[in-house]
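The structure under discussion appears below in the form of structure tokens.
We just call them A, B, C and D in the order they show up, numbering each chain from 1.
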């Protein structure tokens, strides 16, 4: 198990290097000019040699591979460059906001997995039954609905119409201290929306997995041995039906981050994902590059987690990584 | 005339499934290869049928050493060896009707005209007639599908037939019918037969001689 | 001793069935999905030329009217009829979705088939590339590409296509690998079939349904992503209003309590997606070799 | 040809009224409702009885409805199946019992199933020992250590090695999986065992080993319904043989008379034996009929050398141990 984790971390290094290289390559190939971004409006009036001077000390005149190498060296030292839009070192920005995003993502993920499994099993028990039909219809609808659209409607319903939950942000406008109670109240809506936008995949995978397992030989053998239907469902159909869902945990992390980008923007949640959107709209390259690498690392972590879980759950699959 | 000398083959270079296998078939001779399941006799059968390149060893067909397998093997040599597999469901293209399944080798080697007629004629000899020929694999039983696969293997008049556990999944009557069809083809064409299986009584009754896996391969 | 008593010929059998029989809604789902898609096609093809709507025409007095007979979907914050804007928005989203999905499917099928056919280190290299690409969240990669190349129709299409060929590549590669190992390919080779004939006659018919299904399911997915980009202000420019843009501009009036400028563009995206999912689901059911009704003796 | 199995202990007396047979099946029919309203008659009018300490082998070509009959007895038929007739064991009517009765009183307790591909009938993600203990808890109500001991006892009775209890199903060899399946069938100490094609896909010596093991359970007083298309396995295990063709039982005979002389009375049964490589190795001409559209009269008529007008039009009644208008020899 540890061996596999170790090998995966080694494997992650080339992937992260490749991603950063790709980021710099795309930046170089694009019409984006770091100098104009850096100087902003002042650059319009500045003389040519001032611009060349800025270009030199920004190190932008070298080929992008050299700038990439510098950026990597800097990253290893913890210096990820400065963010123009947040007007602070990127490393500090990440440290400050990452916690809130992880909190939101974890809450949403737990909601999606728990509800997805529970409803998936109940629906698989009676295929074609009333619960199965309407839950699946809702799942397909939620799968098609964009997360930001769900968020906006949730704000309209829960905040504006019923005034039950706050519309966004981390704390009430009045208070300046961040208390756990307020954060919890503000977390409910975004976590619910992000969770519900991820719920359909888990529900459909568990329903399909358990449904198929109920038709196959292992369950027929369990029933033939005289086990009660509940034991057959939970001890056998669910145990082998859950396997496809475990692989899903890894592959859903990118979609979770995608959802977070949208939900944090709608609910103005002070997470890293909202910062990414601001970086993109303001074309703040250092912040954007760092966040892309961070997201990739999160996805690789997710893949490792799901493979470890799968290795634990299914003895047929070793830990050969 | 087939000669296998020191054949080593497998799906992973480090752990070959067959080591040092040697066997020879005289022209028109029927040899049974008897071995427990999982000993690699199916892999050896695929090597003889020019479908699997061995890591080491020599294979000669009618004295001519074979140095290329699968697509790289010359078409004349490939079509001279017919092969029937154990699982008819996996050995039949699910989209083709049985008559097209049997005629496919004729169409693949450019002999299009009269392919359907020749296929129906050959299907008669294995007991498949009329409406059955227009059905697709999932509409027929294992026994009927295996008869079509046998007819497909015989449609190009091969000089050697390789049967890899052809009747392992079938019941006594269908087994006897398929063996009778093979024997009538061999009587008419003088073709050789390599029958791989784990049923000593069947191979004893069907083949001229039976080779034990221990004597054929060293590991 | 065998039974002596001749068994009386069974009285007309009294048939009892144990499982409850449920009416399959399959045909209902297919009909509904097909109907929706026909309406979408009609709306997108017929309405724009028929009703020459000037996108920029502003009609301030009828600003933010709730849904009514005159304006079934109500009007937006500058008085334009939302139903027409939704149809225009759907047309733009559909174009972007189709082009991106087509590009993604072509790239994915090519990479997947090449990886499976050539095998060896090419396969490993291509799959390493696919794994790397897929470890970056799609929208993030999309945002990055659009941020660099300034928002516009083609950057959006390129960014959505570039991030979506991965799943198709994996599906095609897995399908080709599984088919290639089937004995019926060996039988074709032994029957004298050349490489091309095996590929076209046996492999392609096996792969096309799966690749086609992936392509069909890709369209709603790419439309979803385009709308996300547009909502974040990184998608299409406002004069080429896609559904995402409509929701983004509607955000202001939502906080003032007007729900319809937000609700209907979203529904216009969801309903066609459900229709595509319905048809694709029925098609996948037909493709699934283990059909429920098949008799197992 | 392997000599007929050693002389068996004399089979118990003819089933008299006061001592009802362990399993009595009368007029059992199963049909499947196909899409488009068509019906497929998988089993028609099957009737036989089975005593404790006796083995009845149900033989026939694959696809003749043997496994459907086994599923019907256990109530494991798919949703589109319809049953008729009666199947009674220990006072319980199997065909009309609802799911709850079957799960609580019949399966595992009255009827133990030894499934076809044993490894596939075990849940792949749980060890054999865990599934044995779970079955013991469900059937005997024991808990913890007592349940584990009971499970170990069942494993030992089926000759399953105790040190392999923590193995997973995919790690079992063919023979081990077979013994694990037998152990699971024995946990509830069911008087009637149902073995559905236990020897398919096994090597010849493994087939004989499995057949002998099942025979040992019968000699210990259990009844065994052995469903197989492998006549050699049937010969090693069965006291009586029932032959099934196109969903109908066409002959029931004592094993010695069936495999020895004078041999089976029904032409299909004789043809089935002659097709063995140990005998004349001659196939029965033609193909079995479609269960969806069975011919009128005797289903074997188109392939039977002795068929005449009567065979083609009138369905033979099962009498004197066979259902044929022109049976061989006299009734026993």
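Criterion: a residue touches a chain if its C-beta (ideal position, glycine included) is under 8 Å from a C-beta of that chain, and two chains touch if they have at least 3 such contacts.
All values reported here derive from a predicted model rather than from experimental measurement.
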{"item": "Highest C-beta pair count, chain pair", "value": "A-C"}
{"item": "Distance from the mean Cα position of chain D to that of chain A, given in whole angstrom", "value": "55"}
{"item": "Chain C and chain D: spacing of chain centres that average the CA atoms, whole Å", "value": "49"}
{"item": "Distance from chain C to chain A - Cα centre to Cα centre, in angstrom", "value": "22"}
{"item": "Inter-chain centre distance, chain B versus chain C - centres from mean C-alpha coordinates, in Å", "value": "44"}
{"item": "Residue numbers of chain D (touch at least two other chains)", "value": "62-63, 99"}
{"item": "Contacts with 2+ other chains: residues of chain C", "value": "none"}
{"item": "Every chain pair meeting the contact rule", "value": "A-C, A-D, B-C, B-D, C-D"}
{"item": "Chain C - residues contacting chain D, complex", "value": "1-3, 6-7, 9-10, 13-21, 293, 295-297"}
{"item": "Complex interface listing, chain D residues touching chain C", "value": "14, 26-27, 29, 31-35, 40, 42, 45, 47-49, 62-65, 67-68, 75, 77-85, 95-96, 99, 240, 252-254, 291, 317-321, 331-332"}
{"item": "Touching residues (chain side chain A, partner chain C) in the complex", "value": "15, 18-19, 22-23, 26-27, 30-32, 128-129, 133, 140-141, 143-149, 152-153, 155-156, 160, 167, 253-255, 257-258, 261-262, 265, 276-277, 279-281, 283, 288, 291-292, 295-296, 299-300, 303"}
{"item": "Touching residues on chain B, where the partner in the complex is chain D", "value": "36-37, 127, 132, 141-144, 168-177, 179-180, 198-202, 204-206"}
{"item": "Chain C - residues contacting chain A, complex", "value": "22, 24-25, 131-132, 134-141, 143-150, 220, 224, 227-228, 231-234, 244, 247, 250-251, 254-255, 257, 259, 262-263, 265-266, 269-270, 273-274, 277"}
